[in-house]
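The same chain A turns up in both complexes below, where it pairs with chain B and then with chain C.
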Partner chain A sequence: MADSFYRPNGAQWALSSPALALFLGLLVVPLALTALLSFSAFHEIHGIQVGHTLGNYLDILSDGYYYELFLRTGAMALGTTAICVLLGVPEAIVLYRMRPMWQGVFFVVILGPLLISVVVRTLGWSILLGREGFINTALMSLGLVDRPLLLMFSMTGVLIALTHVMIPFMIIAVWTSLQKLDGQVEHAARSLGAGPLTTFRRVLLPQLLPGILSGSIIVFTLSASAFATPALIGGRKVKVVTTAIYDEFLTSLDWPLGAAVAVLLLLGILLVVIGSNRFMERKYRQVFA
Partner chain B sequence: MSRNIGRNGPLAWLFHGVFTAFIVAPLVVIVLVSFSDKGYISMPFEGASLRWYRAILEAPELVNAFWLSIGLGLGAATVATLVAVPAALAIARYRFIGRDGLTALILSPLMIPHVVLGVAFLRFFSLMGWTGSFVALLLVHALIVVPYSLRLTLAALAGMNLEAELAARSLGASRWTTFRRVLLPLIVPGVAGGWVLAFIQSFDEVTMTIFIATPGTTTLPVALYNRVSLMTDPVTTSVSTVMIVGTVVLMLILDRVVGLDRVLLGKK
Partner chain C sequence: MSKLSIHGLVKTYAGGFQAVRGLDLEVESGEFISLLGSSGCGKTTTLQMVAGFVEPTAGTVRVDGRDLAGVAPEKRDMGVVFQSYALFPHMTVAQNVAFGLQMRKIRRRELDERVAEALSMVRLSGLESRYPSELSGGQRQRVAIARVLAIRPRVLLLDEPMSNLDAKLRGEMHVELRSLQRRLGITTILVTHDQVEAMTMSDRIAVMAKGGIAELGTPQQIYDRPNSEFAFKFLGLTNELSGQVLSVGNGTASVRVGQACLPWKDAGLPVGKDIRFFLRPERIRLCPIEVARCRASVVTRLFLGGVWFYEVESELGSLRMTVLNAGLAQPQEGEVVGITWNDDDLQLAGAEVGHG
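And now, the complex of A and B:
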């Protein structure tokens, strides 16, 4: 057996130099400049001022509006994550139990939308959810409701559409866990007299937990940074951090304040990712080791 | 059989049916509405027509945005592949200090909110005087799709040992010849799959692009977003149908080249 690595001789840096140049020049520098921008003052007439100040961060921390904004965003992301767990885990198991042929078909149907533009999928939901949209028309003609439900420009509507966008990520993560599953353990539990529910709760679920957790991290962070869906379905009624940043930059033109909100969003997401990775490593060290 | 953990009962199939309906409903609705002959959002059952497809051709801003997005996707996917393949070789073939850091840096656009990237590029472009530059837009699109190309190339390289390459080298082939004649043919499906996935991701990107798009550099998703945010007219559904059909075609290509399960599920 030959070794699968070359001895490092500097070639590794030559090979990665195009990537390094691209990422330093167009990612690290712009992000650093944005962080700097968040410490600049802004004047309504003269624009961005020279010098550094904590003013933008103090403004944000002393304004209840921003607390509400971040809380609403957190609630939206958490709600989407919860629904994705509740629907995605059973669906992944159903897919796992299918014959390979059906698996192939439904993978494309259920995961394929991941590759279709978010704007397109959101447009579909705005047609379905509107006051005179197809969901309300159907509910009214069936006599299930007297007045149309307020789904557009509401948190409910945003959660429905966002779940649609995010749930493939949860299914993929749970699917990865299912691949590592030993089916014999479930048989053993059943043959030792455990009912289907007990088997699910005590045998299947613990083995799926790492997948559910990593799927939750992905869904949570992507939902907290989602823009098109909350902007088009939620509108001004359901303002979240990303849509507020958009307004700050392109409507009120207070770039330093917008940059400060963006920095806080990035820090918040990094904290969640790093924190939950730490937690998972500690909890599942024995499993992965 | 040790793999299968029982079969789906009728309840499971019922759940699956409702779930599948939930997934396809918004897409089916768009396709149906696009064939309506009414001037408002409606089903085509009381009169179908292609008028909303003709309407696309009469909206130059949509046609221009479409071609711009195609060019942008082709360019960004190509630049991303040229950058990602050598980087993947470095990561897969060498063990060195900074290897994990390099990998994390190249994959980081997957984790950074695209709104934050949009803000950063808006500021950077205005400082550099690059606002409205197609090349600048192409380079940042390449940057955000490099992770997809890197992941698929790394997956293609995984589990491949050096024997074939070392044999070629010992028989006198140069490094470049070895790469071109021995390694590249082996990883070409992964690289090609990465290119298609990078194209799709660039073509679909809206959140970052909306910050830096100017009238001359408006991509199709941004043009569609702008139109939908003003009002939902039927032409948005015919444009969307074109995008759905295009994506399905690319998905079929991806499936033939690398296998869709590999792209979507990260299977090796």
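And now, the complex of A and C:
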């Protein structure tokens, strides 16, 4: 009886065709074209040449500038991830312990930023972070600093703004883990003789790790490929891979080189994601079967 | 082996709801006591106050005379088994059981011995390296018990630990847990809404109602001779007979129930008073009509395996009765039978049921 629902008869292809078309048209085809483009040669006067070459990749791998670029991007993504873990995990736990009514209120507050365009939020941050911006004015009038801090066009500023953009993803991921928690395990640990700190370290945290790791993957991926925030707040001073790709495409017009950088960024991110997934699966498969 | 005293325990939750109202209980050293009551009567709240997870609004909890007010749960030396078992999902069975011992800074060799001992007590040896997600419900429950037995707590607190098991396994666990508790002599409080569970396991049962103790005694006392009408109705099945005192004289009263007159040995009742009796279904017997106290016609007959269950219509009104399935021929529905009981089986309802 039930088997007839699952018997392959072609209907499943028909039914999933809209989603497949979307997936193919908007993701697979552009990606494939970009990958193809990255193997084309480029001539400053004649533009893109026919034929295939590894030249773009060799250029990138032999140029220290790109290493610096990738390292800076990695540092930015890792830094954002670390800050999101340090702030987001406690925030999620506090949220978890609130009364249901307050939980609702604070969820709106936390998720609210996701409803506003990244560009608008980032412009908001540039007003706050500027030399004459709110933060510097406040710090100066309080006498905490004598000269304005360099927040705009600095890594610090980029990290602040990126954290603001990314932290909801971390909170949601940790929140999901918290929902799976048996509320009594903390009591069990306490009655077995563990103080509140030990209970957190040995019982609560290990159970939140899968959530923290998946939140970290999301935040890392989105940060490493973020464009608007580093472009608007970092500007020319904090150049990262995405802004470099933008420049290759729109300023130097060297599309093949830009495509090669993009492909390398994608591979780098994929490597990190697959690596962490492997790690998670090996470590937690049995526990959360 | 510790003595636990609870005195005037009160818990008022935010919003003014009183979940526990002035509960007193003395648990003797090595005693197994059950808090039996329907859902929401404050059993869990009471247990959590004893364990230190919930702060009492008023009242004291003492172990061996020491007041536990303000003592953190980890300093109370109590073993708690939760309804959900609350095992640590990221630890193996052995790690779960070792946790409490590690918190007590027990050395490696003794720790290993005590983990093995606790696991063998609950017959789980060999499953040390499994994770909780790889165990059946009954095995998880045993791990939860081994985990608290390993720390050799002064008091064992069990919050409906068997309610997630199927009926057969539950029955086996009752017997096993009971004999384990006897052997170790741990002072134990069990919270349950299951009468059979409370009866099979406890030295004494505290029947709880609306945040207080309605009845306290051995299982037999509270079932056969309860002081409160609540306990009589709450435990098992009972027939309730309403009547009126017709006459009093010579140390006996005559009470009219339905269309019949019942003699009652207590002459202290005023004539004309409305009274009620309780009569347990298993105390009513079938008998030849000539020697019967009462004639009755069978309305319903149900076969329940170990017993037959009857609903009969008699001069006293509608009665429920059970008859052991001893392989004898049973009357059919519609048949008229004789029924009888002993004088002691009839109990007067009121402030002092059972002492009449």
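Things to note:
Following the convention adopted for this analysis, the second predicted complex is superposed on the first by the 280 of 289 C-alpha atoms of A that agree within 3 Å, B and C clash if a C-alpha of one lies under 4 Å from a C-alpha of the other, contacts with A are read in each partner's own complex, and residues count from 1 in each chain.
Assume a contact is a pair of C-beta atoms (placed from the backbone, for glycine too) under 8 Å apart; a residue touches a chain by one contact, two chains touch by 3 or more.
All values derive from a computational prediction rather than experimental measurement.
In the superposition on chain A, contact of A:D182 is made with both chain B and chain C.
Contacts of A:L27 after superposition: chain B is touched, whereas chain C is not reached.
In the superposed model, A:S191 lies in contact with chain C only, and not with chain B. Once the two structures are overlaid, the count of chain A residues touched is higher for B than for its counterpart among chain B and chain C.
Legend: residue contacts after superposition of the two complexes on their common chain; A:Y246 is shown touching chain B, with no touch to chain C. The intersection of chain A residues touching chain B with those touching chain C, taken from the two complexes, comprises 182, 184, 187. Put simply, chain B touches chain A in their complex at residues 1-8, 12-13, 15-16, 19-20, 22-27, 29-30, 33, 41, 82-84, 86-87, 89-91, 93-96, 99, 102, 105-106, 108-109, 111-117, 119-124, 127, 139-140, 142-143, 146, 160-163, 166, 200, 203-204, 206-207, 210-211, 221, 224-225, 228-229, 232, 236-237, 240, 243-244, 247-248, 250-251, 255, 260-261, 264-266. Contacts from chain A toward chain B in the complex involve residues 1-8, 11-13, 15-16, 18-20, 22-23, 26-27, 29-31, 33-34, 37, 87, 90-91, 93-98, 104, 106-128, 130, 134, 161, 164, 167-168, 172, 175-176, 181-184, 186-187, 204, 221, 224-228, 231-232, 241-242, 245-246, 249-250, 255, 258-259, 262-263, 265-266, 269-270, 273. Residue ranges of chain C in contact with chain A, taken from their complex: 48, 51-53, 72-74, 76-80, 82-84, 86-90, 99-100, 103-104, 131, 133-134, 147-148, 151.
Interface residues of chain A facing chain C in the complex, by the touch rule stated above, are 182, 184-185, 187-195, 198, 202-203, 206-207, 284, 286-289.
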